[in-house]
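Take a look at these structures.
Next come two complexes, and both contain chain A; in the first it sits with chain B, in the second with chain C.
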Partner chain A sequence: MTTQTPKTTPTQPDRPAAPQARRELPTVPTWRRKLRPYLLSIPALVIVIGILYPFVVGAYYAFLNYAAVNPNPHFVWFDNFKSVLGDQVFWQSVKVTAIFAVAATAVETVLGVGLALLLNRSSIIGKIFEKVLILPLMIAPVIAGVIWKLMFNPQFGILNHVLGLGNTFDWLSSSHALFSVVLVDLWIFTPFVAILVLAGMRSLPKEPFEASEVDGASWFYMFRKLMLPMLWPYILVAVIFRFMDNLKVFDHIYVLTAGGPGVATRTLQIGAFEDSIINLDYSRGSTYMLLLWIIVFITARYLVSVLGKAQRRAAGAES
Partner chain B sequence: MTRFTGPQMSRRNMLAALGITGAAAASLPLLSACGVGGKASAPNGAGEVSGGFDWRKASGQTINILQTPHPYQLSYQPLLKEFTELTGINVNVDLVPEADYFTKLNTELAGGSGKHDAFMLGAYFIWQYGPPGWIEDLNPWLQNTSATNAEYDFDDIFEGLRTSTRWDFTLGQPLGTGGQWAIPWGFENNVVAYNKRIFDEKGITKLPDRFDDFIQLAVDLTDRSQNRYGIATRGSKSWATIHPGFMTQYTREGAVDYTFNGSELIAEMDSDKAIEFTKKWIEMQHQAGPTSWTTYDYPNATGDLGDGKAMMVFDADSATYPKNKPGASKEAGNLAWYPGPAGPDGNYKTNLWTWSWAMSANSRNKLPAWLFMQWATGKESMNKAVEGGTYADPVRKSVFDTTFKRIAADQYGYLETFETVIGQSKIQFTPQKKFFDTTQNWAVALQDIYGGDDAASRLRSLAKTNTSKVNL
Partner chain C sequence: MAITRFKPTRSELLPGQRRLSPGSVTADLGLIIWFVFSLFPIAWMVILALKNAQEQTTTYFQFSPTWSNFATVVSDKGTQMTSVDFKAALLTSLLNCGGAVIVSLVIGIPAAYAAGRWKYKGSSDLMFQMLSFRFAPELMVIVPLFVIYNQIGLFDTKVGMIWVLQLVTMPLVVWILRSYFEDLPEDLEQAALLDGYTRTRAFVMVALPIVRPGIAAAALLAFIFAWNNYVFPLILADSNAGTVTVAITKFLGGGGQAYYNLTAAAAIIAALPPLILALTIQRYLVRGLSFGAVKA
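Coming up: the complex of A and B.
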């Protein structure tokens, strides 16, 4: 290998001499200088307004008595909130939303981590499954709902046939519907958790695991004491995404049950849709949405603070 | 290099700017409070049409219409080119499946875009779309001889259908008052269709005329091991579960939805007759209905009849009629009709549904849209549609008595059933502006009772809620 030392020329007689004084920058008029930061922030402001405007309008409607049958609304202040919060159906929707979000997120996380552990081993089957796993994520939840509705059908659906349940077991009855819609959510979104966690696993340093192996640590010990703490921020990111999404779930549940039977699977989003779009009571629907937003906001704040702590702990900043 | 020393935006300035922006964003809806929910409805367009009537008065124009796939729509689809030849008006058709059709229409009309000039509409929707001024009153159009052909003959349409599409939106007032908000196009009597082949095999010759006997027959016909059940009805979480068979038999049994006490409506879903009937209806679903009844819409019910899984269907006659056409279903040619069980006093009160044509109040093509509606509900096109073979129950008496009776003559029991119920067939619901909200609540209550709730207490709760809602 050869190295070249740069040739230095002490003088460059063919070049003109550098100017003695620095050239003055053109003077920018004062008004332009004052305007510049505002102009630079316009794109951000447009985005903020684009996000805020529908939200503000929705929040504004929640304080009116605006419905199709009442096209000239006026302020009713907190009447909609009193009405919604005093309605048993709303609290049933809160209960359904909470059960759905917690159950679906918990099971998706456990299954997702399990799948990621299996796929982390480099084998041909693992590589094939890695590709196949992503397929449910490519299907729109509405389409997934339609597919599963056909599979759930007691008369000709494949599930009853394969599981030997005959034609009298109804997956979408009052007692089974919530379980069934969670099942469909698991089918669609478990791969999302698995892929996220798998990416995290593959980014972990190898040295601590090799050192533990030399020391004779068991696989479970390494998983519990090494992998899980380092993986925790990735798992939490998946949990935050899935939990937020599950609180706002609508599409596949609406296709499968429309929130029924009765109110067995009526989530807050379905309640808002029913009030706003079917019953054309925009103010009541907006009240539902505002209350859902408050729930999501508080939950998100909490989960993000937990994630921050986990990240600091994984980085060794906190014990 | 000179350092840029222009003003730096401090956090305070940024917050102030955001505050101003936020205030501006917030003030927009305040400023537009008068126009909340889209623009105001345009004035009625009939007055702008003058001179003699001419089908080619709007030649060269294009209209957009919104439809849902349906035997009526399918029957008229091949005829659209004849309309274009007659008038010089081009027609763009948008199709939306029935499950999403009214959601789409609600959203579009609420936004006031007027994208679709004319659309298929059910009579109940008039009660919700009329008060905010989303649909055009067609009375001025009917009365304007410059816009309406002298041969149109609106009175040829069955009177019960003409009145079912009129209301003045006053609580307690019956249908038939106020504007003409839609023009009837096709209608449906909710009666029983059954599998005659199986009935003949089992030697069932006398069809039950009492509700209890009807339930017993449905139970007797049910054989889960053969994937066969007695009676298919709608059961999904939708207002549409209430209006076909349920409302028909509910009315025949002597129950009503509301009574008017002079100032407000009182929900009567918890009357003794209503509770007794509802219990029997739900029990019938458990013993002789489809396993997943709570997801059943009319395509499921009529599909099972056509596939030979359901022995009877209590739903729209025009929805079961096409299933009997050769090649349309497995049981084509084996289906027959009868009115269903009579009430205790022998009445055959029947709830009807009418598909009609309505015009958007914000349409920018009102004259061509009106010419289209006039053509679609006219005698000539209706005769041709009926000849096609899948269009049942034309709304015009002249078409019904001639072409339809000839076409439907080989449909066992169809015309006899029609003749039996037509005198008592009308919209059996009390008109009210919260129809969809309160009627969906009714369907939810049926599902809850099906799921195990006590019928009496659940219906009392429903009646209390609905009474408070309809009088708001």
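Coming up: the complex of A and C.
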């Protein structure tokens, strides 16, 4: 804000051009300086509004009875919510989404932190592997889904062959599908947690660890009492990204199972896709999405507040 | 301080870093297990892509390798066999994602600079609105857009795709670059101003060149995310603006003859651009993927 006010210039005494600058700089009027950030942000604001517009329209659809078969909708208040919330299939979707998001995030976090710990040892093997760690993460989730779908195939897939499961074991049957999609998700996204936590580990101060090593602390004690508290903000950032993404998971589940068999892996976004794009019932799909958006919004607010607390605590612990 | 450190090599190590102990062997074993799990699917895809039509359904590791699948996938013959025009999808992906990233850079850099340089009223509101796009469920926007696009004729057009891809690329560009502009010392631009530069010239000649690596990283990461996106083209595009991610799933569907080897070859072709780009910006990945939250 106070970038070129004359006040700051005299504090830089060894600048020869200072006297001249004091004369020149105020020629930019204050109102123009104040306006500058707004002018620079206007195009971005247009984009934001352009994206918010369909969002608001979508929220409005949730209160209409709008579908391809009913192109002249009218306002039905909370009828969609009543019908969706009274529907067994919706609650099944909520259950699947919750199980998937919690299970995948938990496993990815534990494995990611473990992987970061192993890579942080800087062994030769670790150095080589660190280069290829992000490969699954950079492949599109939908392509990862295709890859795993080929491997899951009971007859022609490699997995049953290598693991000796015969040619009848079906990874994507209704009892195994949710496990299998979590497996694919953690294959893709565990490296995400790992590289974030690894970056955190490498930025930690060395002194506390040296001191406790001199004191003869065990490795586990150091990890639990020193490293984990300082790493907590990094882990939380990774958890926030993973959990929010897992709540709205779509790509790889859609290509693997399309929400099936039956409704075994029908997450909320897949449910909304079925209702609004396949069955062309826009209002019902929008109702799903509005409910998911509320869940996402509340979760995000909660997790961000936890992160804020953790960052303040970690900052306090380090100084 | 330096005198008291008798064993510098030893004390540089963090917990669990001691070499050549039973623990370190277990750790290396753990790493190897993970990387077998992590790399096996990719290796299997390469093998499958090199198999010929007779071998594609076998699960053996011995086979007679052929490169022809890669050529077939992008040829007219492949299009006739699988009814997927993969070549066109590749070109569309390139145009959609390139266009989306350019638009995001042109619009996002000034906004990121404003947010990183000045604290002004509404600045954080705008930034958090952007961030919320990253976390919002996509279909909340896409379902109404599906209806709107069909009404105004943007359905299955590249312009429509570039517009909707801003949902992916814009938050990424703005948030990453804001973190770079925040780190940029203000003195540099001030020195330029004192030398008689205008504000615009100071920005273009001083600030921009310094954050150029950040801009490149943000642009490439945005390109990767746009390339890997699936929901938008699935719903808002068809044959004209359909991208590789949609094309690849079509290899699996559509009953009748299955071409596992061609699917694998297509998967590799489609996965290569993001992989190559990611390796070139590996240093900036952590910062980019965390939207500037973790500065590695």
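Simple rule for what comes next: the second predicted complex is superposed on the first by the 269 of 319 C-alpha atoms of A that agree within 3 Å, B and C clash if a C-alpha of one lies under 4 Å from a C-alpha of the other, contacts with A are read in each partner's own complex, and residues count from 1 in each chain.
The definition used in the following text is that a contact is a pair of C-beta atoms (placed from the backbone, for glycine too) under 8 Å apart; a residue touches a chain by one contact, two chains touch by 3 or more.
Since the model is a prediction, treat every value here as computed from it, not as a measurement.
Look at A:L45: by the touch rule set out above, it reaches both chain B and chain C.
Look at A:L228: by the touch rule set out above, it reaches neither chain B nor chain C. In the overlay built on the shared chain, the residue A:G166 is in contact with chain B alone; chain C does not reach it. Between chain B and chain C, the partner in contact with more residues of chain A is C. Look at A:A315: by the touch rule set out above, it reaches neither chain B nor chain C. After overlaying the two complexes on the shared chain, residue contacts for A:E274 are found with chain B alone; chain C is out of touch. Once chain A of one complex is fitted onto chain A of the other, the partner contacts of A:G262 are limited to chain B, with no touch recorded for chain C. Of the two partner chains placed around the shared chain by superposition, chain B is the only one that A:V69 touches, whereas chain C remains out of contact.
In the superposition on chain A, A:I298 contacts neither chain B nor chain C.
In the overlay built on the shared chain, the residue A:A106 is in contact with neither chain B nor chain C.
Across the superposed pair, chain B and chain C both touch chain A at residues 24-25, 28, 34, 36-38, 41, 45, 48, 52, 57, 61, 66, 149, 155, 277, 282. Contact residues on chain A toward chain C in their complex (touch as defined above): 1, 3-4, 8-9, 15, 17-18, 20-21, 24-25, 28, 34, 36-38, 40-41, 43-48, 50-52, 54-55, 57-59, 61, 66, 111, 114-115, 117-123, 125-126, 129, 131-151, 155-158, 161-162, 187, 191-192, 195-196, 199-204, 206, 209-210, 213, 219, 222-223, 226-227, 234, 237-238, 241, 244-245, 247-248, 250-251, 254-255, 268-269, 272-273, 276-277, 282, 285-286, 288-290, 292-293, 296, 300. Taken together, the chain A residues at the contact with chain B in this complex read 22, 24-25, 28, 33-34, 36-38, 41, 45, 48-49, 52-53, 56-57, 60-61, 64, 66, 68-69, 71-73, 149, 152-155, 166-175, 257-264, 274, 277-282. On the side of chain C, the complex with chain A involves touching residues 11-12, 14-17, 19, 23-24, 27-28, 30-32, 34-35, 37-39, 41-42, 44-45, 48, 56-59, 106-108, 110-111, 113-115, 117-120, 122-123, 126, 129-130, 132-133, 135-148, 163, 166-167, 170, 174, 186, 189-191, 193-196, 199, 224, 227-231, 235, 245, 248-249, 251-252, 260, 263-264, 267, 270-271, 274-275, 278-279, 282, 285-286, 289-290, 293-294, 296. Considering their complex, residues 1-2, 6-9, 14, 17-18, 21-22, 25-26, 28-30, 33-34, 36-37, 102-103, 106-107, 110, 128-129, 131-134, 224, 227, 236-238, 290-292, 294-295, 304, 309, 433-434, 436-437, 440, 444-445, 447-448, 450-453 of chain B touch chain A.
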